[in-house]
Amino acid sequence: MGLKLEQAQSIVTAALAYARAQGLKPMGFVVLDERGALRAAAVEDGTSLARWKVAWGKANGALSMGVSSRKLHEMAVERPHFVAALGSVFDAGLVPVPGGVLIRDAAGAVIGAAGASGDTSDNDEAALLAAIGEAGLGS
Amino acid sequence: MGLKLEQAQSIVTAALAYARAQGLKPMGFVVLDERGALRAAAVEDGTSLARWKVAWGKANGALSMGVSSRKLHEMAVERPHFVAALGSVFDAGLVPVPGGVLIRDAAGAVIGAAGASGDTSDNDEAALLAAIGEAGLGS
Amino acid sequence: MGLKLEQAQSIVTAALAYARAQGLKPMGFVVLDERGALRAAAVEDGTSLARWKVAWGKANGALSMGVSSRKLHEMAVERPHFVAALGSVFDAGLVPVPGGVLIRDAAGAVIGAAGASGDTSDNDEAALLAAIGEAGLGS
Amino acid sequence: MGLKLEQAQSIVTAALAYARAQGLKPMGFVVLDERGALRAAAVEDGTSLARWKVAWGKANGALSMGVSSRKLHEMAVERPHFVAALGSVFDAGLVPVPGGVLIRDAAGAVIGAAGASGDTSDNDEAALLAAIGEAGLGS
């Protein structure tokens, strides 16, 4: 089954709306499906050169390990050498700070991951959680 | 000045509409700005695992060399070793078949590139050219 | 839903049995799920150092493009620069000769891909097709 | 002489049995021979996208340096820069936490390495040590 384009687009649209409503700094949002394939993205005007790569690295890290990038952040504090090594093993990298979250269907199955970068890590994550909830999906 | 998110999104939206109106196979569309940074993307349901990478490679090849991927295709027929080498030099690769086009502003300056993959190379390119025109931009 | 480990193992077991029954040269078999993730593999005694990579490249090419590596072989004859470029774009590569096949469920959905290398390309492919059929799946 | 396919398969089979008997989380197991070539693998249903890469990185790290990944973990705590650098030098990476072990023949010669990931690092390693012992080999 997997993530539908319509769902991926809804998450991006809602995350952008959240970012503007909250006055966040220029943001990049990326949505990957369960295969790690890109499905939807929006990267705002004024973002730095690799802002989208940071968002992607958060999403890819979450998806690759099956946990949020907030959890990867905690793991990185405990065992920095482990998380650094994971990043070098994953083709699309891993960025272990909040702002990368799993996307789950109604049954709780992982159907993808979303990544955000631009503001504080906490705000990045909050934008995604709000958007995923608005799209009727779980994290 | 550069490509605006709104413009990148318009191109993706118009390309998706074109693809459905023409009954193309499931498509992937990627829009990069003049720096090669991801700005917008939509990858349809039913696309193969790396469809988005093919679209990206077309866009990145076009942007990297300042010509359409149709021109890169012609160059690859004439001097395959040259184009193969280019691909190995560019981080995001180069896919030398039609379906990667430059995006130009009203003054003719390159402000980004778009890539498409899913149907025939000619149809991939046609979707982008229609979408870029509809967005009031040039190629 | 996706490919189950039990199914991946059945394919490998049947392919090995086919290879021995037919007296093929030492073989390597790799089974990936729809995400491109490794699920099962068996590489026989006497295989050369990178035999498994050839099998993997066939499977990954098929999965990445949504066609068999036999089809990729035909594409490579027609447009060698295109297929060479694809290989450089896919992280796990692409080997465009027969011996990489899609795995489909009863509904015809792609749930993975299998790759084989060791004997002639035709025999490599024949081993996989027999094994996938025996596992009650399609290609 | 080297690792036989039959031995590699025995290790995977026993590790899977151990994992289910102990109620471990969904696991990925990879067995490499003394050349670093893939010989056998089984990755369970429900594993995250890159679980198999973590298992591989543990096995490859162990084989590449000639010590267990538990030892690499100790080295990483003492000299993180050294172990991080090693990972960037090895094509298949290095994941320095327990769960990657050498496989030795009766004479004590290294004939390969096995990697596991899915549960705690300690449990990952325990599954492999039990399986290698059951296969009549050493670590």
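Note that the chains take the letters A, B, C and D in the order they are written out, and that residue 1 is the start of every chain.
Basically, a residue touches a chain if its C-beta (ideal position, glycine included) is under 8 Å from a C-beta of that chain, and two chains touch if they have at least 3 such contacts.
Because the structure is a prediction, the values reported are computed rather than measured.
> Examine where the copies chain B and chain C touch and state whether the two sides share over half of their residue numbers (same) or under half (different).
Different, since under half the interface numbering is common to both chains.
> If you average the Cα atoms of chain B and of chain D to get two centres, how far apart are those centres in Å?
From the centre of chain B to the centre of chain D is 42 Å.
> How many angstrom lie between the CA centroids of chain B and chain C, rounded to a whole number?
Roughly 30 Å separates the two chain centres.
> Could you grab the centroid distance between chain A and chain B? Build each centroid from C-alpha atoms only and quote it in angstrom.
24
> Please report how many Å separate the Cα centroid of chain A from that of chain C, as a whole number.
Taking the average C-alpha coordinate of chain A and of chain C, the gap between them is 32 Å.
> Where does chain A touch two or more other chains at once, residue-wise?
34-36
> If every chain is a node and every touching pair an edge, decide which shape results: line, ring, star, complete or other.
other
> What chain pairs are in touch here?
Every pair of chains in contact is listed here: A-B, A-C, A-D, B-C, C-D.
> Using the touch rule from the top, collect the residues of chain C that touch chain D in their complex.
Contact set of chain C toward chain D: 2, 4-5, 8-9, 28, 30, 35, 37-45, 47, 49-52.
> Show me the residue ranges of chain D that touch chain A in the complex, using the header's touch definition.
47-51, 53-54, 56-57, 61, 73, 76-77, 80, 83-84, 87-88, 93-97
> Using the touch rule from the top, collect the residues of chain A that touch chain D in their complex.
Residue positions touching the partner: 34-36, 63-66, 79-82, 84-86, 88-90, 110.
> Sort out for me which residues of chain A touch chain C in the complex.
For this pair, the touching residues of chain A are 1, 34-36, 91.
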